[in-house]
């Protein structure tokens, strides 16, 4: 991402930094197999997202963006990771069995996905010639990485982490492309996200009670 | 249905009714002579009929109306055919009402009724005869209709008087390959329909070989007389049909009394000649195995198809 | 007055949910949900009449909007909601005790039925909001709410398989819906770039009016993602796999609601998005995408119906087949095609709801969902088999029922729009599914019970369908037959609804 | 109000009343009430058909019915033929049904007087009247499917009797739906090419449509309507469904429903598409001949009575298709007189076949009702205990064998005339195909005689082979009345077919073969040089039989005395020694064994102690439907294999399901990226 030399580029540099941290957190989650570590990285990514919102608010002089950034930061950096960490109990069984795709292959796929995201985001980037627009491909690649995690991880909680990655990516695109969706919609979306995570957590605990472990390979009885 | 046509038909019917047993007697006599035997004389069939008519009428137990009416329908069909086919003269009464297909249909109805009578007797012979007769009739049907197809295409109709008059007027047509092929095909069918050698041996009562005889095994007395009479009339009518289709000389085309009488005489002579030739032929042929008969009939069907294509391509 | 009409469909079920929350599920409150659904139906009829006479109604600054399509869908929610809630008490009575044993004691059982009542009414409210939503954002939130609400309904039985179905349902639907959200945000960006105001950037009417100014490449991406996302909730191919699992494990009234109403409601969003896509990009893009998804769903459903062993999954795949056919109709897109698919949605919703509710009764009578273990039902349970048979006849597309008329109109519109080959392929696949469904239904319903070892072993269950449980089912079937003969009551509504969405 | 409209109005009113009676009337009187009302429906339909044949034309449009399409009705002389035939068959079968359904509770199951069957009966009858009256693609398809569903439910109504009923029902449902889908696609394609849905509009726009479209539409329509008319490759459902249905229903299906396949083909092929190109009709001619021979071959070796009659339907419909095909060929090569003659022959054969097939199926129903079995090998000797049924069945068999005196003879004779005079038409293919068709008709006529002699002989004559046949009894009067009506029609067609001539002339004109040839299609056919007056032939023969009987009574001495049968001196003859249907057909089966490919297997079970001591020998022989083995079984096997293989698509793993979504998103994004 080339940086322009005008005084305002200070803000765009900050934005690029936040986007970089945002993407790296996603790649790190892909790299690690331990769910507890992954929840911490989610918190980092949530705060990077909030930072991005603040920088955008400052650059485009949208006062209410600060409130939204605070809300998003609170939800995605603090509440959701906390929910997940409490769900991960101490037993080793929930660490992470061998994922469907080994780490090396998944990292290579992640690279390919980032390139694809870059190619696909071109029309969006051409829409607004701002730094935020250029960072859009980061949001899209985090969405694709989230999908990859969802598809390849055997542990139920790892799938929830993948889902949260997917959602963080989508909210990032919302901020970068159009400085956030209307407040009411953003509120509704976040509330729904919270409820989904709560539902998945309840299901995971009940799954542990019934199946003995949160391994998704036990869920094979419903077949044709 | 003019009076002259009724007279012609009546003449033909009486001729066939009286002449048929004589024809059978003549054929048996020729065959006896050729085999060095004295033979029972030409009038022997009439003597048999008289003897049988004097016997008491018996109903085999368990048989129903089908058994009793079959002989009657056999004779009735033969009489109707005799009244329709232009044997002595072309102006027959039924000529307009019944064409070639109807006549053959009547004769098939007669053989079907006989098969039903055979089945009605509830004996193994009756069933066996009926089953074989029906198989042969079913396989002979295509040949007859293809022959009819060959004869009637150029004239444009299947009416018997029309076909015969066409035969009489231009004699050359009779020698055409189409006509010859049709003649041979129909000859085979006549043998099959009337149960003569090589399809079926009329003289035998050997269980495994008989077809027509097996169906009529249970008949006795007057019924047997009727059956024999029907069979011989059927033979006479079919030979007459063959003769008038392929050797129509001498058949009266006008309604004049002299021409009709002459026609009748010529018809009787032709019938006697054909009968004798058939009998002579039978002395030298043996009966075909039952499941080789379909090949014979398939061969005749092929000849009939060749007749059709010949009649279409060559003229 | 219109404000009231638009709010009642949301408020009535929520009120019923509140009643369950406070008083729990007792004999007195058992039919609160039915009352809520009846209110929704009454309001829907009034709303439909008003919309027909005075056009679309809008309140709360465009957040809630009732156009003919919305009124039609609300009618569906009302009728099938009424049908499902009326059947719930009988279902819970028959199944409540059967499954309590596996979970901890009666207290938990009472809690479960109370939660069942609340969630079903909440489900109706969420679907009503989704239909009446004026803008894409609110529609998305409402549809995500339906997923959350039904997650526990699918897991209501508490068995291992119900839990597995709930997990798969929640994960797959949420992923699908997240893709739709991505599409909405991209469209929002394009709209904002085109100069629409923050509040009106997600409203259907505003988007269609300003269609010319939206950037085509961005809108193509947004529309594709939204069709894929909402298609997942409508049971269409790429993310369809939750459908058979959820329907086979959920309680019968809930699967009736899901098949009869939830899928068409999600599909109504696909219709709205296609309308926007056509306004901006022309018909080519959406037609190919919908054709691929429609024919894909049809093919998959037909293939998986052939060797099917579970009759609830069989009904679920039959739903997928009909949704595939409806998607092909949407791909054709002419006015006749849209009218046909709306009639098809009405007919299929009612018939499938009756089929699922009777399958619930069959499960409680026979104790198994396997097709080969249900033998000679026609001889042993004549009434139950009769209703189930009639519902299947309707689903197979036989005349007196409306599905035949709509499939016929679909075929005519397909060929008229020069889409001969895809329509022919679609009907060939419908034939394959017909053959499979007919064979399975015959194996279940026909035959003689006297000399079947499997059947004799099972205790002779009493006549399951009492008078009160079977009258709503029979009236629903008669309604589908009346729709098939005259379609008088809703034909004008269908035609105007089709008017708005067509090319 | 023109008579056709009046007829149809009365028919629909009677139908509605019958359905109401079936639902509301008490069980005791329900069967009689529904039977009478449906008979009124049939009579009204017949009257409407007759009026249409007499020249009245009727059209109507009801837009409120059938959503998104509207109902168009139109009755001209061509639909008049099928309306009157359908109505007559409904009349006879309903009268018969009153007796059949009241007593039809075989061994304890609730028989035909159940409310469901009584509702379906008038609905099926009404759909038979509705199909010929339809005048738009949608109305025809709705009436077609209404006929399909009501007949399907009637076929499976006796599902408690045996497992075959269920498999027959599934076969019937799937084959009928296959037919519907082909007709639907064909006609809707035609309607979209003609940009209108009504038949009148399509007929007007047909010349403008490109030959490729017309060819494609014709092939689809031929497949759809051909499958309903039992054309050979698509006939497999007919010998399975007809025997399993209750007898009045199989009479309706065999004598009225299959004709509507021919009606569809004539209406779309000759009337709407205006004849089209010659290869269409040569194809119909060829498939018709194939059906005729194959159908009657299977009938001659079948030993289930109703299966024999079902295959005979395949044969007769094959003959009708030969007539229609010949008409198309002659019309295309510019011989209107011959075309009119061929189509008149086909329509006459439709009428005569309806008459004798109704009589035969009702007769078979009485046998089933009396003995509880349809297998000819277990029957025999019914003549003694069921004389009236045997006599009526004999009349029907005579008609089916197409011998003089039978109803089938005049129409088959007319068909042969039209083919024989067809050699005048130039063109090599015609010259080759016409003799093949004549050969096929001739062989099928011969085999028909053998098949029906077998049916009548082994089934009704001789002695009873099983106790069931022993205790047979005459059916109730209502059933005899139904069969009497059908017998009346058979006798009428056998003696005076000429009366129907002018009516057929008008029907042929309505089918687009107008002009000079139309009025000569009368029975007397003087213009073409071949005349047939069945009255003369049959009357003469009967007269002679009576004369001979009187003569014999005069000549004979003493009364007829019973005498024992000739048993070669071996001991009393038992019924087990009789020829059964299987043994009767054995020579035919041996002659045609490479066509029929009978399957026979012999398994010998030896004692466990020693392989040389045989404990039990089991021999079984069956004549399967060859077309079914070669064409249908592989297809069904492939579909079943595909079904089991596709199960892997839903193997229960969440990752696989999410993988579908992930892969489709990737593909979508790639497509979008490439699209810029």
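Lettered A, B, C and D in written order, each chain numbered from 1.
The rule is simple: contacts are C-beta pairs under 8 Å (C-beta built on N, C-alpha and C of every residue); 3 or more make two chains touch, one makes a residue touch a chain.
What you are looking at is a predicted structure, and each value in this text was computed from that prediction instead of being measured.
*Asks:* Can you list every chain that touches chain B and also touches chain D?
*Replies:* none
*Asks:* Counting C-beta pairs in contact, which comes out ahead: A-C or A-D?
*Replies:* Looking at A-D and A-C side by side, A-C shows more C-beta contacts.
*Asks:* So how far apart, in whole Å, are chain B and chain C when each is placed at the average of its C-alpha atoms?
*Replies:* A distance of 78 Å separates the two centres.
*Asks:* Chain A to chain D: how many Å between their CA centres?
*Replies:* 69
*Asks:* Taking each chain's centre as the mean position of its Cα atoms, how many Å separate chain A from chain C?
*Replies:* Centre-to-centre distance between chain A and chain C: 32 Å.
*Asks:* Measure off the straight-line distance from the CA centroid of chain C to the CA centroid of chain D, and report it in whole Å.
*Replies:* 43
*Asks:* Please set out, as single numbers or ranges, the residues of chain C touching at least two other chains.
*Replies:* 167-168, 171, 175, 217, 221, 244, 304, 307
*Asks:* Any chance you could list the residues of chain D touching two or more other chains?
*Replies:* Those would be 647, 649-650, 654, 658, 661, 665, 672, 676.
*Asks:* When you check chain A against every other chain, which residues touch at least two of them?
*Replies:* Only 120, 123, 147, 150, 159, 216, 219, 221-222, 224 qualify.
*Asks:* Following the definition at the start, I'd like every touching pair of chains, please.
*Replies:* Applying the touch rule to all chain pairs gives A-C, A-D, B-D, C-D.
*Asks:* Which bits of chain B are touching chain D when the two form their complex?
*Replies:* Contact set of chain B toward chain D: 53-54, 56-62, 64-66, 69, 72-73, 75-77, 79-80, 83, 94, 96-99, 101-102, 105-106, 108-109, 112, 115-116, 119-128, 130-132, 134-135, 137-142, 144-146, 148-149, 152-153, 155-159, 162, 217-218, 220, 222, 226, 290-291, 294, 301, 305, 308-309, 312.
*Asks:* Which of the residues in chain A come into contact with chain D in the complex?
*Replies:* 100, 116-117, 119-120, 122-123, 144, 147-148, 150-152, 154, 159, 216-217, 219-224
*Asks:* Okay, in this complex, where on chain D does chain A touch?
*Replies:* 647, 649-655, 658-659, 661-662, 665-666, 669-670, 672-673, 676
*Asks:* Which of the residues in chain A end up touching chain C in this complex?
*Replies:* Counting only chain A, the residues touching chain C are 120, 123-124, 127-128, 143, 147, 150, 156, 159, 163, 166-167, 170, 173-174, 177-178, 181-182, 184-185, 188-189, 191-192, 195-196, 199-200, 203, 206-207, 210-211, 216, 219, 221-222, 224.
*Asks:* Which positions of chain C touch chain A when the two form their complex?
*Replies:* Touch list, chain C to chain A: 137-138, 140-141, 144-145, 147-148, 151-152, 155, 160-161, 163-168, 170-171, 174-175, 178, 181-182, 184-186, 188-190, 192-193, 198-199, 201-202, 215, 217-218, 221, 244-245, 248-249, 304, 307-309, 313.
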